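Both of the next two complexes hold chain A, though its partner changes from chain B to chain C.
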Partner chain A sequence: MSDLQQQAFRLAASELGMASAAWLFVRETAAVAQDAGVAALRDDLGRAWPVLDAVCAGWLAGVHAPDLALDPVLPLLNSASRVVLVGHEALWVDPLLKALPPTVRVGLVLEGDPQTQWARVLANHGERLQALSLANFQSWAGPRSVLLTFVYGATESQVFVLPAWLRTTGPDVRMQFRSLLGWRILDVPLEIYPRWLVAADVSTLTDLKG
Partner chain B sequence: MMMNAQVGFALTLVITLVAQALLPSHRLLIVLTGAALSCAGAALAGVASVAAVFAGLPWNVLLILVALGLFTHRLADTQVFGLASVALVRLARAHPVGLLVLSTLGTYAVSSVVNNLTALLVILPVLLTVFALAGVSQRFVVWSLGLMLVACNLGGAATPIGDFPAVLLLGSGAMSFEAYLRAAMPATLLALALLIGLVLALRPAQDVPVTPLGRRLTLATLSQLYRGVHLDWRLLAPCLGALAFMVAGWLLLPPAWGIGPEMVAWMGAGLVLLAQPTHGEAALKRAVDVEAVLFLLALFLMVGVVRETGLFGDLAALLQSVPLTPEGQLVLFLVVAAVLTGLFSAGPSMAALLEVADVLSQQMPGDAVYVGLALAVCAGSSLFLTAATAGPLMQSLAERAALRDVHGRPVQFGFREYLGVGLLGFTVILAVAIGRTLWVIR
Partner chain C sequence: MPHHPKPHHPPRHPPDQAPGHAAGPHGRGSIPASRILAFVDEAQLDGWLAPLVPDAADRAFVSRCLVGEGPIHHRGSNYILLALLGQALQAHGGAKPTEGGAPVPMRLPPHLADVVEDSHYPLQLPLQALRSLAGGDREQLDAMVDCLTDGPPQHALANVVMVALLQNLLGTPPDEAPAPGKGGAFG
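Up next is the complex of A and B:
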């Protein structure tokens, strides 16, 4: 059964984002099998999916809802005209797009699991979210442009982010955007090696919020 | 001299068809080369001038295909098919048997209105997503995807606008829209019902793991994957209006007015494109299936040259000289048509065999001959995974989904895996085609 669960979670994570998929799986599992089911889910999939492991651990410790507050990041997007997302987390992107003024253009760098159906990811946001690639996202650079990624865990010197972040934040890019914002969406410390993520130097970000 | 020409141009046609079937990645280059050689050869041998061959092309059929292709493209942009597929999964409560039956019926319904490739492209991603979420077995994937492919062919044969063979009948004036619909739809529905019944009797879902949590997760995840996808009513309304306009035109316009089915399709597609001019212009520039148009154009040219040699009339006469009753001769024709379609695919077979059918229809009821031929071609299209263009597309989408079974083994869906489903589909559809034909001419 674990292979099938892995396949299902990978599909969900590729389009919703790892944290969003983890919350979905944990909630649904808890609704059917309570905490024992969440513990079993953690045992089955936690080693392969550290973000899911962290959400399961949080749930079992009493954290039963994600922190979706926009307050920490919205001020940093104030007066921005373009926001480039590196990574997609449905639970956080959906309210962010609603909160941003319609004049702010938002793009998503389509990098991630090769099996991701990006057309479906984008269809959920209508024309509000535009497709970008590693080859052209710099055309959105400028003094009022912000590069934003999701942070899944942090230590004093490092942040755990998606691999795409390292590909987008070379020294040239850092000079082209007003800020490089990390939105910390997972407060539970990662306890195991962060597979599917990379440990980046915290200095690759100009701001870390959440 | 004419006998040599018949053999030479028929051989050119057959060799070209074999070559394109063996080398599908170069099929356009192969058929265009074959067509050029045929046309040049016909002119040099004095069989027909190039102008005469081009004048004999069924341009109206190509126009219908292009117009319906554009209409389909815009209709798919409304998200109606993707959302309908999600609704079907919800209706089935993500249960494997329900999924198998509803996805088959849904594919039949969609492919009766839009072309087969589009039908698969809009339905399959949802179904493969559900397979990945819910978990499947090798056996279930083969039967469910295989049945979908056969349903796709049946849906295409059910209406005069569903697939190329039926469009060719409509465009050639061999049958009216209403007459074809009335004759073909019940037969295809009967074949579909028989197939579903037979497949269910084989219990294809018996080794698929089903748990309440698994089904709940599947439905919840699917809801999230489509959480913000909405029906584009501003586009869907003109699409439905244009569809109603086209169906009414095909059914009601008197032939004396001179507005044929191709004009109706042209105006219907035009209405849809004009509804959102910017997107319409973009669709015109990017969504016309040039590959299909060039492929069919080349086929028509080669078949046209062979027609000029009189070979098809001679073949029909040969068939009528076979020591069988007229019914037996027609059944033989249908069986040969089905097998040839399995080998050469629907487009080439229908284009060539329609010429023979025209001769046969002078001796027997046209309804029996033409609908029988369309169903036989449908049976042949279902025989092998490679017999219709939808097969390789399905194989490619299934491979890309990288499904694994309960033991973690990769799930395969290719030529070999499909063969059992194909043989069953071929047998059932051909049996219905023969049975219906004999019933009509009795």
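Up next is the complex of A and C:
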């Protein structure tokens, strides 16, 4: 059972994002098996999936909905001409795409779990989200361009982000984008080793919001 | 001829107190990285840049490239030189906006050069003072522009801001002529 759960969660996480998949699994589990089910889910999958572990912990502590507020990030994005997403979280990207002016182009760097079916990811957003790669995302650079990634936890000096963030924010790139924005989407401390994520210096971001 | 040794004058500062030679385990560079940029006043820099880069978000981007990114000695040096120029200009009424000039390109990978829509920094290199320096020689002006805008952004942008401030100091009028490569700097 656990292997099947692992496979199912990995598939969901690769296409929805780890936090989005975690909320989906936790909600569905709670709907069927209440808090005991969420506790069991945490025991089964938490060690392998620290974001799921954190969402389970939050649920059991009374946090029953993700914080999807766009207010912290919209002011930094509305005046942009291009936004390059490094990482994908469907729960947050869906409302963001609806809220941004249509003149703001949004691209996604297709980096992550090698099993990800990117065609399916992009199809969920119609043509609003354009595909970019490590080889060409700088074609969206410019003084009105923003690099945005999702932050899964932060300390005073570090942020937990997807490894792709470190691949896209080298010294050559940092001065080709107006800002490097981290959107903090998980406010629950990561209690276990954050595998799948990396601890990056908070100074890799010019802005941390959320 | 009798030898008259020069009278001995003690150094104004003992060698171990001379600026730039602070004693430390590694000699030069002994000031900790956490303190070496303590003199950088970003609000002051923002004020000097405001006439040249009116948009606040653009200015924050330029300011980050000047003093927020790259090797620490470049960041500090950029601030010092711009601060001294800013102070000099303040004594002459402050900087005035420069208009037109040569674009300052981002150094993007060559294979993307043809597909990037907006690959220039949000300020231009004013040309009036350079045009005068080049003495009417178009190729020399082009070479000056090339030298000033090439290389890492923290160099290129500092060059551009310094030229803009120097042009202000020299009292040359705002630049209105086409940029090199865009119709001729000398008409």
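The definition used in the following text is that the second predicted complex is superposed on the first by the 210 of 210 C-alpha atoms of A that agree within 3 Å, B and C clash if a C-alpha of one lies under 4 Å from a C-alpha of the other, contacts with A are read in each partner's own complex, and residues count from 1 in each chain.
Methods note: contacts are C-beta pairs under 8 Å (C-beta built on N, C-alpha and C of every residue); 3 or more make two chains touch, one makes a residue touch a chain.
Just so it is clear, the structure is predicted and the values come from calculations on it, not from any experiment.
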Contacts of A:Pro143 with chain B and chain C, given as first, second, both or neither: second
Chain B versus chain C as contact partner of A:Gln7, first or second or both or neither: first
Touching partner for A:Ser179 - first (chain B), second (chain C), both, neither: second
Touched chain A residues, chain B compared with chain C: B
First, second, both or neither for A:Ala65, with chain B first and chain C second: neither
Chain B versus chain C as contact partner of A:Gly37, first or second or both or neither: first
First, second, both or neither for A:Leu16, with chain B first and chain C second: first
Sites on chain B touched by chain A in the complex: 79, 82, 125, 129, 132-135, 209, 212-214, 216-218, 220-221, 224-230, 400-408
Of chain C, residues touching chain A in the complex: 57-58, 60-61, 64-65, 68-70, 106-109, 111-112, 115-122, 152-154
Residues of chain A defined as touching chain B within the complex: 1, 3-4, 7-8, 11-12, 15-16, 20-21, 24-25, 28-29, 31-33, 37, 90, 94, 115, 117, 120, 123-126
Complex contact set, residues of chain A against chain C: 79, 81, 135-136, 138-145, 171-172, 174-176, 178-179, 206
